[in-house]
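Got some structures for you, see below.
Each of the two complexes below includes chain A, the first together with chain B, the second together with chain C.
And now, the complex of A and B:
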């Protein structure tokens, strides 16, 4: 049964996932070309100096892409379910409704994680080619909240989609999401979340269960 | 059970978000402008001058004996600070305290150093450029190789190839080992900018907490163990090359002491640190031909101490004023918000979860909201016993708890 759910989820999001991967790869190519252009045509020592002491980010194109990825995956996964209340069918399968919905979320989460890890790996190889390992550490710490924002918005957007009560509840969930996600983007320069990323990670993990409440309300049919 | 737990988790998250944004918007709407005084020591009348915005155009500053001065009148009281203006108007005094005033001396001895508390806690990619200290063409240039200090060497990396520069790595590592350096380094402090007259390289704390001075002289290493004792717990060394060549910079320790590191055999000159809290205060140092003033500025007070050139204390002044939390909007906020969560703080450049401004005065609002909730629950015929946790949330978190229990009600999950 779970295999079947997985297959159904895959059918829904495969094109979206492919589009996201292509977007990430384009950003990667752009960044790599920019770096190699600078090394070939100008003085990389001045560039290093800018990166280290003026805190300019050569990978800033990545900033909002994970967020977009989270929203897109969530949209393709849950929008078809709530239009014409198809989710009701899924919830009437001979399985515990919580494990059905958690499986759906787990599938989306895994897909997102796989895409993110793939792109982090690509950037890692590129950074190690151009810079010493200290830059890689800084890249990982600096982009961690952005990728975390991507996962968090996926969880939050899913519960927003499933939430049955449009005006008050959904609007409110959207507000909370914006408020929390903007905390993750409130950074200047690099390594900003070095001392606190684990706290935000913990909060985001907890947020991932918010879909359970929306599902419970959906099943109850509060409208 | 899982549902119950997830509701509680969500309530906590709403409390967190509310305690960040509600006070934030409150202060956006209610923040008053606060005029902080600037304090300088007048070497002419030997008194502190307080410069504070005032509606009276005739009062530009007030001396510590209460006498007031206009803007024009105050210029001559600070001849060293205003030497350009006074020299242009030919009203620079010929001598002060029997010391002849030579403009070049005045210029050379003047300095202003400001250290903000977050500068003591900055993120850093630990890779640094080592300048040639005696460049042939006199101008400092960013070198092609940057260095880092690893477990067993001072590693130079060519920025063009991202490969190690073996020659530099070898001679610098050898020189460091010869000076007694114990790898790896615990901290590296320097002033890597080309906008200065000359370069003094880096002060590096080694694994045994000793401080080494490293620079490059005509391509050769200069590595010296400074005599700075290794039991001083250094928070930050701020290097600032100054043509006076009296001190390399100042050093702030973890127990909030302030020192100059002198050119004279790296001796430490302790500065007065009365009232200093390094996580809160700006350090503002003004030096001139005759005196040095060190001020610690918090959000609601400033403590200034003047020393002469032998570092003997001449005079001290403390001024306080009300910050926004002590003015009416702040008092009102203390009755509304039990605490405020901030992700930024003046003590650090890093994002973190800072719990600030805890106020027990908000308990009145908590009790009011609690009664309101109970009445509301009675009207909606909700059981108090089943909803006891909601009441606890309101009592403990006040307005934040109240908002979150309204949004995530218990019936939703039943």
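And now, the complex of A and C:
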């Protein structure tokens, strides 16, 4: 039965997921070509200076893409569910209601993780090609909050979509989301989240099940 | 008596607006039950409570003995649900949606579904979003029939359907429930379609239940009389135990009552209302419904 839920979710998000993958690949190609050009044509010391002291991120194009991906997947997955109260159909399926919702979220999360891991792998190969291995660690630590922001906004946006009470609760959740995501984007340099990322990770994991509260309120018919 | 559905003392408010108070009804296993009422009287509210999508302010509904707010997966598998407007997953095509639902229901039998689809002359790849309202209603019905539940909850099945699709819907329901101990809970605006289909009815008015009866008792005992007033005594006509409702159109007075013509005549005489040509006018179920609930 959970395979069937996965099938339904896949039908909703497959084209969105493909679009996101294409966008990530385009960003990767652009970054790789730019890097290749700079490495071949400019003074390595000057470039190093530019990267470290002026905190110019050579993969800055990647910055908001995970966030956008999280919002898009959440929209394509949950907008059809809340339009015309279609979520009632899912909740009527002969399964535990929490399991149904968590499976839907797990499917979206897995899709995003797969896309993120794919793009991280591409960037890893590119970095190892151009730079020493230390650059890879820096890349992973620096981009971790961006990818975490992508997953977190997916969980929060899904919760916002399902929440039945527009004026107060949805607005409240939107403000909480903006505040939290802003924290994940607060850094402008390299490795700034080195000592704190695990705390953000824990908070995000906690937020990942916020949709259960919205679903319980949807089911009670709160207006 | 075994009941598929028992609702006890349901009271619900939206904000401060009372929908109904202390409403109770039972649905016998194997019967067809119609919940009737004008728009805004709480039909969909009742269906939402029954399906556990809405928590009533007080009271409780039981489905096959289980609290409707906490239905087990086994009971849910035995309840077919048609959402108002025949809402389904319109991002799927008719083949995908059948494949999806088939995974959930142990008694799944896709024969009636594909039989209905063949009547529509649509391809298996046809997306629900590109189908007409009537076609989507048949998809929703086909899915419920394939599920083969013991209880079907059908919220305003007639919404947006032309007479042909409405007839097809009722004909298929009749055929598939015949002699199979299936229970149907149905709401509709099109009262005449339910004539000859439902066994028991509850008619809702704003804030309360107007009538709870078998359809035969209602049709046999609820009457309409017409007479002509010979003076201005119509001001003495008011709703009470004898006169359930009345209409005044120029000099013609229409009275709706559960009493027979002799009792009505005696009653009018006792009120000193002078009448001419008092006669009973036959009614359809829809006439009776309007007579009971009023036109506005």
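Basically, the second predicted complex is superposed on the first by the 223 of 223 C-alpha atoms of A that agree within 3 Å, B and C clash if a C-alpha of one lies under 4 Å from a C-alpha of the other, contacts with A are read in each partner's own complex, and residues count from 1 in each chain.
One rule holds for everything that comes next: a contact is a pair of C-beta atoms (placed from the backbone, for glycine too) under 8 Å apart; a residue touches a chain by one contact, two chains touch by 3 or more.
Small disclaimer: the values here were computed from a predicted structure and weren't measured.
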What does the overlay on chain A give for chain B and chain C, a clash or a fit? fit
Between chain B (first) and chain C (second), which does A:201 come into contact with in this model arrangement: first, second, both, or neither? neither
Partner chain in contact with A:75 - chain B first, chain C second, else both or neither: neither
Can A:219 be said to touch chain B (first), chain C (second), both, or neither? second
Which partner does A:7 contact after superposing on A: first (chain B), second (chain C), both, neither? second
Using the superposition on chain A described above, determine whether A:176 touches chain B (first), chain C (second), both, or neither. first
Just checking: does A:91 make contact with chain B only, chain C only, both, or neither of them? Give me first, second, both or neither. second
Which angle, to the nearest 10 degrees, do you get at the Cα centre of chain A between the Cα centres of chain B and chain C? 140
Who touches more of chain A, chain B or chain C? B
Regarding the shared-chain residue A:118, is it in contact with chain B (first), chain C (second), both, or neither? neither
With the two structures placed on a shared chain A, what shortest C-alpha distance in Å links chain B and chain C? 10
Set intersection of chain A contacts, chain C complex versus chain B complex: 220
Inside the complex, what are the residues of chain C that reach chain A? 14-15, 48, 51-55, 73-74, 76-77, 79, 81, 83, 85, 87-92, 96, 99-101, 103-105
Complex interface listing, chain B residues touching chain A: 2-3, 5-7, 9-10, 12-14, 16-17, 20-21, 123-129, 142-146, 148, 157, 159-160, 162, 192-193, 343-344, 349-353, 407-408, 412-413
Going by the contact rule at the top, pick out the chain A residues touching chain C in the complex. 1, 3-4, 7-8, 11-12, 80, 84-86, 88-89, 91-96, 219-221, 223
Help me check something: in the complex, which residues belonging to chain A touch chain B? 39, 43-49, 51-53, 55, 98, 129-132, 134-135, 138, 169, 172, 176, 179-180, 183, 186-196, 199, 203, 206-207, 209-210, 212-213, 216-217, 220, 222
